[in-house]
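Next up: some structures, all given as structure tokens.
Below, subunit A partners subunit B and then partners subunit C, in two separate complexes.
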Partner chain A sequence: MATDDGMTAPRAVSGQAPDVFRRGAWVPMRQYPDSEEVDFVIVGTGAGGGTLACKLAEHGFSVVAMDAGPYWRPLEDFASDEAEQQKLYWRDERIVDGDNPIDMGGNNSGKSVGGSTVHFAMVSLRFRPEWFKARTKLGYAVDWPIDWREMWHYYTEVEQALAISGPVSYPWGPHRPRYPRRPHPMSAAGEFLASSAEKMGIGWSSTPIATLSAPRGLAPPCVYRGFCVIGCSTNAKQSVLNTWLPRALDANAEIRDLAMVSRIEMGSRGLATGVHYYRDGRWRFQKAKNVVVAGYAVETPRLLLNSACAQFPDGLANSSGLVGKNLMPQSNHGVYGLVDQEIRWYKAPPSLSITEHWNYTDTGKDFFGGYAYMSQGPLPTAWAGSLTSSRGLWGEKLVREMEKYNHQVGLKIVGEVLPQEKNQVTLTDEKDAYGIPIPRITFSYGENDKRLYEHAVRFMSQQMEVGGARDLFVESDTAHLGGTAKMGDDPRTSVVNADCRSWDIPNLWVCDGSVFPTVGGVNPSLTIQAIACRTGDRIAEMARRGELTRRTTPA
Partner chain B sequence: MPPDFWRRLTGTRTREPSRALTLTAPDRESIDLASYLPARLRKLDTLPERAAPLDAQTRVEVARGMNRGAGVLAGSVLFDSAIEHYRGGFHNPAMFFPLVSSTLSIIASASGVGDNTPSVRRERHVAYAAAAATGFAGLAFHAYNVGKRTGGFSWTNVFYGAPLGAPAALVLSGLLGVAAERVRDAAPGQRPRLYGMPESRAIAAVTSAGLAGTAAEAALLHFRGAFQDPFMYLPVTIPPVTAAMMAAVAVDGRPRKRPVTRFLLRLTAFLGFAGTGFHIIGVHRNMGGWKNWTQNIQNGPPIPAPPSFTGLALAGLSVLKMLERSRRE
Partner chain C sequence: MSKDHPHADTSARYPDYDVLAKWNTPSWNDPTRAAVGQRLQVRDEPRFLSAERFRILKAVCDRIVPQPTDRMNKIAVAGLVDRMLEQTESVGYRRAEMPPLREAWQRGLDALNDEAKVRFGAEFTDLPAGRQDTVLELLQQGDVRSSAWGDLPAQGFFKHRVLHDITVSYYAHPTAWNEIGFGGPASPRGYVRIEANRRDPWEAEEKQGAVHHGD
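Entry: the complex of A and B
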């Protein structure tokens, strides 16, 4: 018998899918033949696609959701081993360039059923309301086509679905309902941020985080071993894999693992007719009434661009020319240092404390936008990587530095990067193993971006010092991606509308991080899921009104 | 230490029964609250009419019931503090004190339960008084520990810092134990006073406060657990009602039957044991379940904590017995 490692052969076959809560077990799964024109085929099962699959299935649509990655059972497939767990990341070849080439792979993209949320750090933050009207209210970048109050409602839905553990009251922003679970005990790394923030006279908080502080169904509470970013082997982490997808299966969605979509097929009426995908050794075609692309900010434009056809020679949904443009990572600069007391920062989820001071303070800034920063706890190999890449340490020196691991502390931002069209994803002539063109990812920081992270580095360095840390050093990094299929009010300046529906092809939708017009200074997954929830509800509403099959007209 | 410290702590048995039996509240002339309240409180200080002194045998029975309650409380404290302080690595030697003190309180209680004689044992008295003193010291320590954390008395710190409920249970064990000795020791025909009140009222008040406090602790920790299981609402609903009924007993204090209160006390006593059962299941819901018990009994809900309710309810039942037996037929 072939090994069932999840990576060799698809698991979700023969009317069943892996039971994520039990070793070796299965749950029943409805299946649809390729020839059946399902209501929705969704490409990608991450924060956007997985959530939307659940919502649409629960609204009664027939849904097939495909993912290029494996269908894991966390309890038995995840090792406490950083090297082994590289298997969670999207490591297909990509070309990066620009002045500040983005580090890809584990840094920002996952390849699993459940998407990047399988290895994300679980920080679950709401946008600052004004960011939805950044241009009008704060004078930079562009406005979103969605009102913050509507988002507030959907944030609540996601927080409930993920049983977010958060502070009893959150110190920033307008009122939000109580988090479904209480905050976790503070780690020493989190405590460092808290006490040094108090010395700086700024606010701090327990971080709202998607890991359980009390049991939920078959999922136990967090055990604070800190392996979160290489996959949580207990199921305490509330990823798409163990929250939305079990619900989607219950509602008769089909999940296809190890299914790589190469192209969206267009029909004669200007509508998409389905997707070409590779699974279990052969190319297949799934018919669908609607296609949703949810492959994240690189794979989404790649697929849209690669689906160019005679009718849409520049790629699908690209009449604005903006597919692939405005790529925004978030700046992710960190300041690290050494303290006398033992910290053991690998323990517990790394980012248990946070300050959003510079997201909600508009004075004393020489830049637009904001940043949050959180406590840190890199695992040993990742830390060795930081020491090598940021400080060039190697050999004996690296070993000596690694001995200080348990006394290290750090603060790292999630910083807003402003949209620029020249930062983009394009296709190269080189092909990957499937014969699909390899994407080129071009990125350079703008002047505002630089001022932002320089401000952050200065401020955090000061905080590290008053907190008693010495031997400080700075790491430059990026995290999270957005922007390459932005939503907006105007078909000329956006790819999709507020409902994530493409302006050009009414049955083609994009629902993932790429629709962000701006990225704000918080981690994106809660917002991606909130948008997916909204999209699901909007689609159900449009279907009721018979608007799904009609062409959209510009507002 | 004042010369009468022990006597004060353990109650004064020499005072005469109060004579202010005629004061009924509210006095006709004192309608305003200012004078009503003192009158009410003064009333607390008195024994109601028609209470008959208890015979020696009843006293022993009541005392033994209270010893049982004090012992269950001390047992709860022993196992709970053993686990919690082990978890804390006994980094401060004072963390052994509650183990020693609760053990002594258990021994004193076992001795009391097995003792059918009306004579008081000085060792028991001392063990119980020491338990109360250790508990008070623990309360102060724990409060200090919570307060000095970053954020002070923030939710996170009261959730995860040193709990106030555990040392309070030791205080209660001590107070009830001391009271048991006082009840046992009264001279025939006498109506002893305790903590400045008639004994039955004093014990009812301690029980009521104890139940309320323990329910508050459960409320805090179950809130921390987000009431993820509906059964987690039980200890924050039933014991507070029982506590209120016991408060009524403390205020009213008349010698009569109280079937509803008795039922609630029994239910509360049962709840204490049931809670342990729920917590055993709760431990299993942590990663690895009971196979990983060495870790999970430290992480999971505290198995020894809920019987505190049982201990207090047993003491409450003794008070009811006392009041029932002192009815004049």
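Entry: the complex of A and C
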């Protein structure tokens, strides 16, 4: 019998897709032939693409959503093992450079049906409202073309769809509805952040988080096993894989796993006609009325640039020259230390407590933007990576430090990085196994970025000390990418409009983290999903008004 | 399934704990047993690297993650690194100045050995431990003299390949989990007691007085 490991041959074939809730089981799936011009083909099924696939299918469009990654059944495919679960990550080669080269692989991007949400840490935060008007209200970077009140509505939709567990009242920002599920009990790692924040006189909260605190359908509540960032084997985690995609299938979307898209084809009328993709040993072409790119902040510009043709020699949707530019990670600096108590931070989701104090406080800062920070709980090989890369430890010293594993605590930020055009994704001459050029990812922190993380490191070090931690050390790291196909209301300075529609090619859309004009100081996935929900509704509205195939012009 | 389970050496700090004792309990599921079971089979024999380079790698591993002399079953760290190289072409990225993963290891091990000859007139594997450490420290500082490095940055090779790949391989092994008191695999059963100073009966008990903080 051929092995069905999800990675060798596609699973979503013959009119069925894997049932993510049952071992070895299947659910029916509508399929479309390559020759049928479907309403939407979506490249990528992560936070952006998977959510949009659901919304568009539920609005009655015919949808084919492709992902280069496997279609997992978490219950039978996921081990409690860091090395084995590397299979969730995007491990195709990428070249990183600049003054502060970004670590990719497991640190940054997934390759699975469900995208990076299959291994994300589930922290589900709303932007601070003023960030949508960062230039006008706070004096830095650029404004978004979307109003925060509209986003507030879509945040609620996503929080309900994911049954987020969170506190009864969240300490920061304008009123938001109650979270659908009660907060989780606090872990020792989370309690350290909470009690030390109180000593510092700042607020903290139980983190709004996408893992169940009570059963939901076939998904059980979280069992605090703590392996969240290498995949949740119980389905307690509410990822795109087990929330939006089952709904998308019910609404007749087709999902194609192990389907790698290489190029978007352009027709003579200046419209995209479909995508070239590789699946099950051969190259194929799917016809479509609309193409949505949702491959995350590196693969999205890579695909747009690699689709250059005679009519668009600099790549698609690139008349502004901004495709691939303004790449923003978030700074992810951490402070770690040792305490007497047994913490055993391998248990429970790592980031059960949070403070957004420095997102909502504007005084006492020597930088623009903000940061949140959360409790930590790295698994052993990740922790060894911190000790070797931050402190250069090896030999007896490393082994002795590692033995203190159960007594460590840490705080780590998600910090805002400001857009700079020179931070970018470009194509190299080197080719991958599909013959597609390998991307180069160039990143250097700006002066404001440095002031922000230095402030964070100072403040968190103080907090660690008052909390009773000693032998502190600092880790510099990055997380979460955005910005490489930014939205805006001027075609000269943005790639897509507020509806994620490209200015240049009216039936080409981008719907993922790349559209962020600024990244704020919170983890991005809730915002990506909210934007996808809004885009789905806007597309349905435009279709009703007959505006789908007409060229967009700025207001 | 039989009640037999594999064993791993215990540690001074967690003397009564063997994470493998949970092999047949609800803490371990089939995919985990399959993945860890394969790892336990790995021997210190090369499949990807040449025999010559593997000997150097093995000597390097002994310095990067030294194992207690009284450990019965030593972790086959070099074998694990070699297996990773056999199965993996990339970890998902590389610095612009570094060659691809496999090439970096091959060239790096050759250059490291040549550095030992240039500095101390002997193969790396023939040097006493203290001298081996000196060679590794020089790499870490980027202070190298051998022309064998060519355009391969010694510091980058040491940090991104030697330190990273060897320690990640070591701490993926159950014997290393015993050493640090890690709960290990936990699915479908997770944990109930998640507060400070509390542990479930299936977690490692730390020996009183084993903790010397701040040393």
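In this text, the second predicted complex is superposed on the first by the 555 of 555 C-alpha atoms of A that agree within 3 Å, B and C clash if a C-alpha of one lies under 4 Å from a C-alpha of the other, contacts with A are read in each partner's own complex, and residues count from 1 in each chain.
Going forward, contacts are C-beta pairs under 8 Å (C-beta built on N, C-alpha and C of every residue); 3 or more make two chains touch, one makes a residue touch a chain.
It should be emphasised that the depicted structure is a prediction, and the values quoted were computed from it without experimental measurement.
Asks: Quick one: classify A:214 as touching subunit B (first), subunit C (second), both or neither.
Replies: After superposing on A, A:214 lies in contact with subunit B but is clear of subunit C.
Asks: Quick one: classify A:321 as touching subunit B (first), subunit C (second), both or neither.
Replies: So A:321 meets neither subunit B nor subunit C here.
Asks: Touching A:60, do we find subunit B (first), subunit C (second), both, or neither?
Replies: In the superposed model, A:60 contacts neither subunit B nor subunit C.
Asks: A:344 in the overlay: touching subunit B, subunit C, both, or neither? Say first, second, both or neither.
Replies: So A:344 only meets subunit C here.
Asks: So which one touches more of the residues on subunit A, subunit B or subunit C?
Replies: Subunit A has more residues touched by C than by the other partner.
Asks: Taking the superposition as given, does A:191 touch the first partner, subunit B, the second, subunit C, both, or neither?
Replies: Both subunit B and subunit C are touched by A:191.
Asks: Look at A:183 in the shared chain and tell me whether it touches subunit B only, subunit C only, both, or neither; answer first, second, both or neither.
Replies: So A:183 only meets subunit B here.
Asks: Which of the two partners, first being subunit B and second being subunit C, lies in contact with A:395: first, second, both, or neither?
Replies: The answer is second: A:395 touches subunit C but not subunit B.
Asks: Quick check for you: in the superposed arrangement, does A:407 touch first (subunit B), second (subunit C), both or neither?
Replies: Touch partner of A:407: subunit C, not subunit B.
Asks: Once the shared chain is lined up, is A:168 touching subunit B (first), subunit C (second), both, or neither of them?
Replies: In the superposition, A:168 touches subunit B alone.
Asks: Which subunit A residues come up in both lists, the one for subunit B and the one for subunit C?
Replies: On subunit A, the residues that contact subunit B in one structure and subunit C in the other are 185-186, 191, 223, 234.
Asks: Spell out the residues on subunit C that touch subunit A in their complex, using ranges where they run on.
Replies: 11, 13, 27-32, 34-36, 39, 63-66, 88-97, 100, 133, 136, 140, 159, 163-164, 167-168, 170-172, 176-177, 179-192, 194-199, 203-204, 206, 211, 213-215
Asks: Would you tell me which residues of subunit B are touching subunit A in their complex?
Replies: Subunit B reaches subunit A through residues 150-151, 155-156, 159-160, 223-226, 228, 282, 285-287, 295, 299.
Asks: Can you list the subunit A residues touching subunit C in their complex?
Replies: 76-84, 89-97, 101-106, 108-109, 185-188, 191-192, 222-227, 233-234, 338, 340-344, 346-348, 379-381, 383-385, 387-389, 392, 394-396, 398-400, 402-407, 440-441, 470-471
Asks: Give every residue of subunit A touching subunit B within the complex, in rising order.
Replies: 163, 167-168, 180-183, 185-186, 191, 194-195, 198, 206, 213-216, 220-221, 223, 234, 236
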